[in-house]
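First subunit A sits with subunit B, and in the next complex the same chain sits with subunit C.
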Partner chain A sequence: MERLLTLENVNVSYVNKDKKVYAVKNAGFSINKGDSLGVVGESGSGKSTLAMALLRLHDESRTEITGKALFEGKNLLELTQEEMNALRWKDISVVFQKAMNSLSPVHRISEQVEDIYRVHEPHASKKEIEERMIYLLKLVNLPERVYRLYPHEMSGGMLQRTAIAVSLLHSPKLIIFDEATTALDVVTQGQILEEVVQMEQEISMTRIMITHDMSVVAASCNKVAVMYAGEFMEIGYVKDIFKNPMHPYTKGLLNSFPSLKGENETLHAIPGFLPDLSKPEPGCVFASRCPQASERCRREKPACQELKDGRQIACWLYQGGETHE
Partner chain B sequence: MKRFIFRRVLTGILTIIIVFALNFVIIKMAPGDPITTLMGKENSSPEMRQALEEKYGLDKPLPLQFFSYLKTAATGDLGISIIYNRPVSEMISEKVGATVLLGLTSAILAAVIGTFMGIVAARREGGAFDAVSSGVSYAFNSMPAFWLGLMLIILFSSMLGWFPSFGMTDTRAGFTGAAYVLDVLKHMFLPVLTLTLVLLPQYFRIAKSSVLQTKNEEFIMTFKATGMSKKKIFNKYIFRNAILPTITIFGISMAYLITGVTLIEIVFAWPGMGRLVMTAITQRDYPTLMGIYLIMSISVAVVMLIVDIVYALLDPRIRYE
Partner chain C sequence: MNKENHTPFVSVKDVAMWYPYHGKRQQKGEKDWIKAVDGVSIEIEHGEILGVIGESGCGKSTLGKILTRLENPTRGDCLIDGVSTKEMIKKDAKKFRSTVQIVFQNPFDTFTPRDTIEKILLRPLKNYSIGTDNEDRRRICIEALEAGGLRPAEDILKRFPHELSGGQLQRISIIRSMFLNPGFIVADEPVSMLDVSVRADIINMLIELSKSKDAAVMFISHDIALTRYISDNIAVMYLGRIVEYGSADEVVKSPMHPYTQALISNCASIDPEDKQETISIEGEPPTPLNPGPGCYFAPRCYMACEECYKRYPEPVVSETGHWAACARIGENGK
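So, the complex of A and B:
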């Protein structure tokens, strides 16, 4: 398997005058070509911040990004904006959450697609672009006529499908779905996820799926990374983690959404709130809400380490590769 | 789009007819009637009254009177001024050009300069230009137009002597051709400056806040993520979306401008409709007043119509209500 993206020690912090708030701390994971990685966590856990950092879309005067994000050998975090622009959409594209606002309301889809396409292919003809877009529209089950519409003439589901089609214009190596299905109703969400998974069998695609919804990950990803308060708690294959969650936070997340199969169970919310990121505590970030936290958890931060099945976990319960359960 | 324009024109015509009717009813409701005036104080002959009423068509039922008024007005006949004893339409057409020249020039200058300044300020929010122009625009926004006009006369006419303080032309010089145009421009300068300075702040603020808001829209993030150049994003996508509120303001400010111009015309002795309005009001010259109101409401309706059509051209969401 070929590596596409490797993150090492990525830190993202928002800087405001002399104050500094960590949004992402020590992020590290890797994605192979063809992978689909779900990044889950509750609101404010830093998932979207991480995605924006990879795309370098933050206001650079107010954000500090350190570490390495190697994309095919190039460190995304050290490229200039010009070098980044050469890479954007051609190699990495993104689908945003608010489909309703993800395209300009006063321009036709065709006009915007032409402009976007010509960023990398300045001499492409209208016809060529139209053919490409119509092929992609078919891929996401939309009729040709969508190409001539204005965004307000479409439903949320149609718009999100259009946004996905637009993201595929240059067949990027990596697509980031930033809460791309969150704003849709469950039925449409389900359909779109199914289409995306199907599409990936037709065209080779690597995907990062940012979501707060475990079921989205279950339906559309092969790997999952659980994030809490800007740090990764547990990373591994979906099949392993959903069957046998090890980190107390992952367990909490899996307990807080209903399973479609099996018997009715009581859902458990995780008590408490995210910690204040502007005042970092010395220990594990989840310690204050963790049912299994010990004195050590509050004092020292556990390092992320790899277990036998390839999963990475940051928890004192599993230090030394031993499982305590 | 054609359907939209058609419907919009129809509502415009309807608005004018309603204004027409209101004008008519208000005058009818006002105390006194022209027949008594015409007959003189000491005359109460019912035969004469009847004859006069028949002559002016005032014996007919009110709706009929209204329609005959509508009919004659449609041919451009707005009646005869009681004070000047001249056709109202003639008097208005003599003055309307000067008012339109003053009002439209200021409106367009204020819209263009204010919007441009707003965009520049928004591009470098918090910068020196933004700070200075925001402050200055607040100052001018809070000044009464007539007072500003007087101050400008003191500064530029009395003290510096750069520009004439009153009138539209130098009547004694009798300029023709290019010299005449130059003379009018010189006379226009101060009143146009006054109106522009007073109107400009709202365009500045609307343009600035609307650019700032558009900059933070999700779709701008999409375009950034595509690697599109900042220039292209700004010139095409931010500009087109941010310009919409300015157009709305342009339409709304036209109504203000018409009253504002009246006052400024008096300050600068500009030979426009301002003086006509003033005398018509103080001397109860009803036909003239009605004629002026009619012209004003028609011009506001026409400007609104144009603004709406331009808006619909720029924003596809408007075309379908």
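So, the complex of A and C:
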């Protein structure tokens, strides 16, 4: 399979006058073409920070970004804004949580779509753009008339679908959903997830799905990356990790979600709080909340290791590729 | 159960909440109604947790507000221990407030930002003359906070709401609602604003408090898996009406109403093998502006027939007390 995006040692920190907050540390993973990767974690674990860094949407005077993010051989973190603009919408696009806020309230959808389309194809005719957009609207199960509406004339679910359709305008190679279905109703969320999965089978699309809801990942992704306090704890295939979570944090997260139809097991919260990200600790970031933490965990940071089933894990319990129970 | 001579603890009788609607096309004096809640009857026993689920705009929160009398229903009444809440609040509002409490969705908006937690927690105790003096009341607060897992309690009492996390605030909100030993608590989406890792704590705390104090709880949520976990019984609402009611396991595992079936099939599960054929329902929920006369769900229902558009279906009850209001139950194998 062909690699689309490879991250190596990506660090993002927010710099203040007297403080530096290490929001993402040593992030490294790769995505193949056609993959759908779910990034999960609590709020404040750096999921969105990482996505914003890949899209270069951070205020660069206040953030420090180091490392490599190779997208088809180009390092996204070193491109100039002009070079980045050439990629946006065309190769990489993003859908945010509140579609309400990402569409202009004073323009019809048609006007906004024409603007976006002409960034990359300045000579496209109105008719051509309309045809393309209507095709996409049908893909997300919306009627044609949406093209002529203003955002306030639509419901939240319709807006979110429109935002997804707009993000597909130039058939991007990579699309990032930043909590794109979180604000929606159960039924609407279920429908949109299903549409997205179906769409992927029709058009080749690679997707990063940022969410805090494990069930969304289970329903719509094939890979999952679990993030905590800016670091990746466990990365692997959904079918492996959900069935057999290995990292204590992944176990904790899965334990705090009730199953829909299975046995009613007691829910357990993860005790404690996120560590202060401005004061990095020498050991594992999760050690202070981990039920299985040892002295070593507090002292030394475990490296990310690859196990037999292809999963990567950063935990002393599994060092050396062996599985201790 | 001998229903004849047994008065349920909370009993809601044909409650409706209609809001007047003034549309563009209306003549002067003409009025339309938004029927947010339209004829809901339900019973909750001591120590029972009733889950209410439905899409947004189905009237679940309005129902909670009626039960706590933050809204006065257009029609119907709810009885607590056989006494009408309408009479209760007229005669002795203070006593009513100590019987019925509510926990709101957003813990950041629940507290006065300018008061310390101590001041916030002491106020209800003072108002209801619980404890002999301030020292004694402080002791009660500290005990309650520690029992709720908030340590060090002395330190938390000194803080302002903005200095605490959402999970801590929501715990304080629940602790405060339990101070007056209410018999009935309405929890309106108490965890939807909280982080996943602390949700379980709040939920377990609610279950424990309800069981130890034998309080009835109405748990309003749109998260079906969570509602099933916490509740004894579940009521499914659609456009202001309860369409299905039964024990939590039965409703989730073998739903009778096509709406519940669709709702559950669209709900993402954390078990990737739980994937099932989703039943799609067309469109968004319509506004509850003069729906009917038939089944409100008929326009979006995959098995609606002519009959469904004519009159609102009567509930069909199974032996276990699980019921659903649908004219086509028994067909299609359901």
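By our rule, the second predicted complex is superposed on the first by the 323 of 325 C-alpha atoms of A that agree within 3 Å, B and C clash if a C-alpha of one lies under 4 Å from a C-alpha of the other, contacts with A are read in each partner's own complex, and residues count from 1 in each chain.
Following the convention adopted for this analysis, a residue touches a chain if its C-beta (ideal position, glycine included) is under 8 Å from a C-beta of that chain, and two chains touch if they have at least 3 such contacts.
Keep in mind that what you see is a predicted model, and the values were worked out from it rather than measured.
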Should the superposition on subunit A be reported as showing a clash between subunit B and subunit C, or a fit? fit
How wide is the angle at the Cα centre of subunit A, looking out to the Cα centres of subunit B and subunit C, in steps of 10 degrees? 70
Once the structures are superposed on A, label A:H120 by its partner contacts, choosing first (subunit B), second (subunit C), both or neither. first
First (subunit B), second (subunit C), both or neither: which does A:L57 touch? first
Touching A:H212 in the superposition: subunit B (first), subunit C (second), both, neither? second
Could you say whether A:S204 touches subunit B, subunit C, both of them, or neither, answering first, second, both or neither? neither
After lining up the shared chain so the two structures overlap, which partner does A:N9 touch, if you call subunit B first and subunit C second: first, second, both or neither? neither
In the superposed arrangement, which partner chain does A:S278 touch: subunit B (first), subunit C (second), both, or neither? neither
Of the two partners subunit B and subunit C, indicate the one touching more residues belonging to subunit A. C
Quick one: classify A:V94 as touching subunit B (first), subunit C (second), both or neither. first
Where subunit B and subunit C come nearest after superposition, their Cα distance in Å: 9
Dual-contact residues of subunit A, meaning touching subunit B and subunit C, are none
Given the complex with subunit C, which residues does subunit A contribute to the contact? 42-43, 155, 157-158, 185-191, 193-194, 212-216, 218-220, 238-239, 242-243, 252-262, 264, 266-270, 273
Residue numbers on subunit A that touch subunit B, as the complex places them: 55, 57, 84-90, 93-94, 96-98, 101-108, 115-116, 119-120, 150, 152, 163
Applying the document's contact rule, which stretches of subunit C touch subunit A when the two form their complex? 55-56, 165, 195-201, 203-204, 222-226, 228-229, 249, 252-253, 262-272, 274-275, 278, 280-281, 284
For the complex, give me every residue of subunit B touching subunit A. 217-219, 221-229, 232, 236-237, 240-241, 244, 314-317
